[in-house]
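Have a look at the structure below, then the notes.
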């Protein structure tokens, strides 16, 4: 049975909880996702290339997407175009508060094509995004 | 008994659900808060002036703040300074996706002084912010 | 009986005709409005705070608004949002020619949400704005 | 006997009321001017070239000028220089609200050399400009 | 008998010496003003709203003003306009060195309308400003 | 016995009181310093070259520096670097209000490396700077 | 019988093939158009003034326009407005590759109001534009 | 026998004619290319990654290249460098008129390294580009 | 016999010496040229349109050009292109010092395509330009 | 036995010495590395994709990295993030002097996360980088 | 007897005619000045430091100054301030056409404080400047 | 016998190893140069003024230059012009990584006129620069 949601992660996110703990916290992202799976139905991907993310987006069949494009957030117009090309609601997540970091991290090509954005709330951002998708995608 | 959280809203937010439904949706914000109160302990304020918001922030005794400064988000440095001056975690909420609107709405003085930001997810943003605060403020 | 129009003035405008006559002329604004009342039906407000202006706008029941936000013209997004939130036609007036003054006075948040703008024509601007409203609001 | 005022129009304005009615309205500008002539004494010109407008300005002998330079508003420094070179009060008119259109239409070389500007009030702008000139040019 | 000078403070300044001591030092501003009153004749105000500051400025009858608009320094054109509207010499004070903080704190609307500016010298800035006013306002 | 403070002046400042009196006033700077020496212990330098100022800064043994780099304020990174390289508190002085002059005079490389800045208060700025240094450098 | 298409050329284009051959090539534009006339039905204009181009555009009765506004491409808003005012599809042609020349040649007011743009392909650009118009204007 | 030309397409272009028909039209790109192959000799590629496009360019042995880098047009300097590194003439094609879309789509790294650019003419752009290459590459 | 040089003047220059004497001086330009003709062989033109100037440039047969494009200096790329298209040395003249006037007068499209520029030296600029041309064009 | 250092090269660098010799010189990079291996212990990679470089960086076990990201230098934030994520000193090398080429090549995301940068010194840059790493990584 | 004029040259100008002949020509500046001295009364200076130029300006007693600040033109505010501080008319000369070189050479601090500027006319610029000074300084 | 190379240092560099050790390290630059002299033949200069550096450059007779202009790197066009004026290869050295410091330190006038740049590698940068010069200047 297909999972209800798809979580797509950009480069370096696989090591969250292991490196640069000052910025990203010390919870292991894999452990976190395991816990999350107890409550939500989703599959997840860690992609290190832009094209992998794009292909991932274009082949999604789930009811909603949670996307954290990592560093590509700020440079990839192609990822934004891919999200725009499909008809599935997406929520953007950033683990750290990108508004309080370097200036070039304040520009997001992705933000304008998603339903909404959650940033700075650590790994909880993923859970909140799934909840948001539940609200958005549930039949009214 | 003091409420656990405080929600502070900027100008015009009181009429959410009544005007400009295309942008902000048609759910009445007061009804929504009433429902939310069944599950979360919070008090809320609708302030139409910058100084009212500032005084509100400076007098908060709750464990966490949810703030939606409305149009002041993009012009008020004084509100950001007030948040920075206190020691209580704050989460910024925007009902609409400010990144897909006018350019001047993409600048937020507040974003860099809060824990995190949730935007574009409608009134659900408030609930998600309260949940985020619960995660942040609960004893570990 | 409610007045047909509402004139809303920002800070410092109450002293027009008394101070800085080089820029704003020497006709007393109160005297001018008195004369104007012989011909047009309107009420008027002098507000020194941004929130007072906002509340004034949101509570208008007249057929049209003449607004001179003074210095807030160039800094208040919240006032512009308030005008956008209501359905009443508004005309922006500036006593001096804001295009021939300092650079930061050339940006107007308000201009893009009103019907039209009249600037540089002194207190006559108010009369012209009322006439414009008459043309706009009269049944065709 | 010479006319009291001169109205100078830039390119494309002659067809107001016939094309792009969404932006400029459906009243024929020639019909409008005919009606206006019943009350005000003026001559008017429709010029499609920048130099025609300049020569028109430099040869004006009327008591005041109403000028709508159309697209030249935003690109012609030479027209602004011509207005500055003469001693006759001028009022700038724009039929549509130039502040709510494309960014490059927000710059006006002309605004800083005229008495005042009226924009966004449709063809009424011309009438209001003539009235403004009457106030400005009448003996005190 | 009216005080010789008026000190006007913007939002958050009332708590100087109590919060954010790293930036603003640990001397209590109220204690400091008390000491200062032994030597200088002045009244002082702590205003948390922009309009309160404006009204304060417009009603000053003292011989000189010391103004620290806090965060409004960088965003309030209306306060600058109010200072320009009166004929009383003003000196701007900033407790911290605003040039060595965030970029947006380097712009001051107020600086260009006051006699002079003193910044970065802590609470001493107030005393120096009063001395400067004494030099400026004493009969020659 | 070494002087307590050092005042370093940039080019053209030696003729203050003699030229451009409209901007800088008519008090002779040498006379002023003579009077000031009655109350404060300091030596002073008038340097017309950037390197002279730098060498002056690097060889200071006094307890504090008052520096008015004149036109170099806005162009010399090397002077700022020299101030940063030493451990002696410095106060920047500008005779005229640099914020109300040409745009390029609003940038100061020096402001971010000194304790504080005093500008627009004429020659009094030097006295206030010495007082500020006294407060800063006195044993607590 | 009216020609099917109209080619409108801006200033200096008449001498293509005679001057500045390094940039524009050595084929004579008149000879080229003669050859082109064997296959396509069109009339063509060489206009050296902005207003001539505008009048030319506004009086077109052909099924499509090929326009090369030369240097006016980058400075004339009035030409763009004229194209926008009519209902005939237009294709913009540039003989040289304007993207690989000076920066100010990269801005084109015209590009956003035409169907499409062909640049850098020499005189062939005209033929390609005519073919494009054939595809666009042929009945489906 | 090697094909005469190579068409290289960036991400998402493979679905032209199936998605976002408002912007890109409803003709299937594969069907279109099949028709085109009846008249021109070429091979074509759909690449979803930047590096795939680069490798494709660097290995071309055809007489000319038609390239539509899609979203990479505006962000990939590496693709531009690859085109510059080879000696084969290239023509850039964009299906939609990139000048009338978002601002960031107006910058093209590729435009300055190709022979010429064709944009806004739909799938016809590919045919026109092949014709342009025929003119450019045919022996004189 | 053809004149040795050609002087081309832009709009409004014909009235130099009659209007705006504060900026341009009170010497009549026609009188000045008459005197100049006693010593130099030249013809001169006063053109009020951009295209007239362009045609004038393109038809020059003299050994050198003196050009004062007036307000077109700052806006006309087409005039610069015309100068670049011919092989005759040109010297640009401005009567007033364009660097000490408004910011937009500091950009000159013409400056980069002429031999040299003379500005701020009043009508003498024309004589100096003719002398410069004599030096440049005389056989060595 | 693992190599002491790792050299990572971006796209197109593999053909250094074969193409664009004017910019990059005519020494074959493979021959050069062979010679270099006689003296230094390192492995090297030529990657044409961004993700390949990222994976390469994240899996490095050597004592130091020499990185020449080619065109990705100026566009890839993800590569910079990868370098920042690991704890191994890196030196950036550019064969040509990127400061004397196009403006967009002057921005380097990578420069701020490496120890240092060597540019413009041709293939020698690699040798110098290895020497620099030897100095940095040798036990003190 | 004091010379009538003073010519002040910035760094590197002493070698004009010996180095970089492509840009500055091959006439020796010393030989040129010798010839010029046959007709004009002037002294000249070659200064390699900014302060030497400033001191030179401040001590001038001649009737007029010709100044070529070389590279300092674009970076020295202090030289501009020195010219502004004295009451002697100055003419700025540049041997090459600074408008057709690098962008940063188009900004001149000096241009706005001199009478006029002559650039691009080679060493003749000096002679023309002296002639201009003769016109300006001769009694009327 | 003349030294093979010349090392030119800007202001404040003489104290490297003594002050601001956090940024520049704790090795004494004089000691370092002494060690370096055992292997390379060079003379070195510490100049605190811009003109001293310029004169130093213009009088060099060595085979190559190593230059570290310190703070002048970012502000002195005159130094860059001097390097360009001579025919001796130069390598720029910066002890700290200027790309990871303040924004204004990222602009280097010098970088575009030297062979190459080495930055961020501490005092080793000097040795690497000498090696680079050896490679560049050795007969092939």
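By letter and in written order, the chains are A, B, C, D, E, F, G, H, I, J, K and L; residue numbering begins at 1 in each of them.
Keep this in mind: a contact is a pair of C-beta atoms (placed from the backbone, for glycine too) under 8 Å apart; a residue touches a chain by one contact, two chains touch by 3 or more.
If you're wondering where the values come from, they're calculated on a predicted model, not measured in any experiment.
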In the contact graph of chains, the distance from chain H to chain I in steps is 2
Among all the other chains, which ones are in touch with both chain I and chain L? K
Rounded to the nearest 5 degrees, the rotation mapping the CA atoms of chain A onto those of chain E is 120
Counting only Cα atoms for the centres, state how far chain B is from chain J in Å. 47
Just give me the whole-number Å value for how far the CA centre of chain D lies from that of chain F. 54
Residue ranges of chain A touching at least 2 other chains are 49-51, 75
All pairs of touching chains, please: list them by chain label. A-B, A-H, A-J, B-C, B-E, C-D, C-E, D-G, D-I, E-F, F-K, F-L, G-H, G-I, H-J, I-K, J-L, K-L
In their complex, what parts of chain K are in touch with chain I? 91, 97, 99-100, 108, 111-122, 124-125, 127-128, 131-132, 135-136
For the complex, which residues does chain E have touching chain C? 49-51, 54-55, 58, 75-78, 80-82, 84-86, 109
Complex interface listing, chain L residues touching chain F: 10-12, 15, 19-20, 48-52, 70-72, 74-75, 104-105
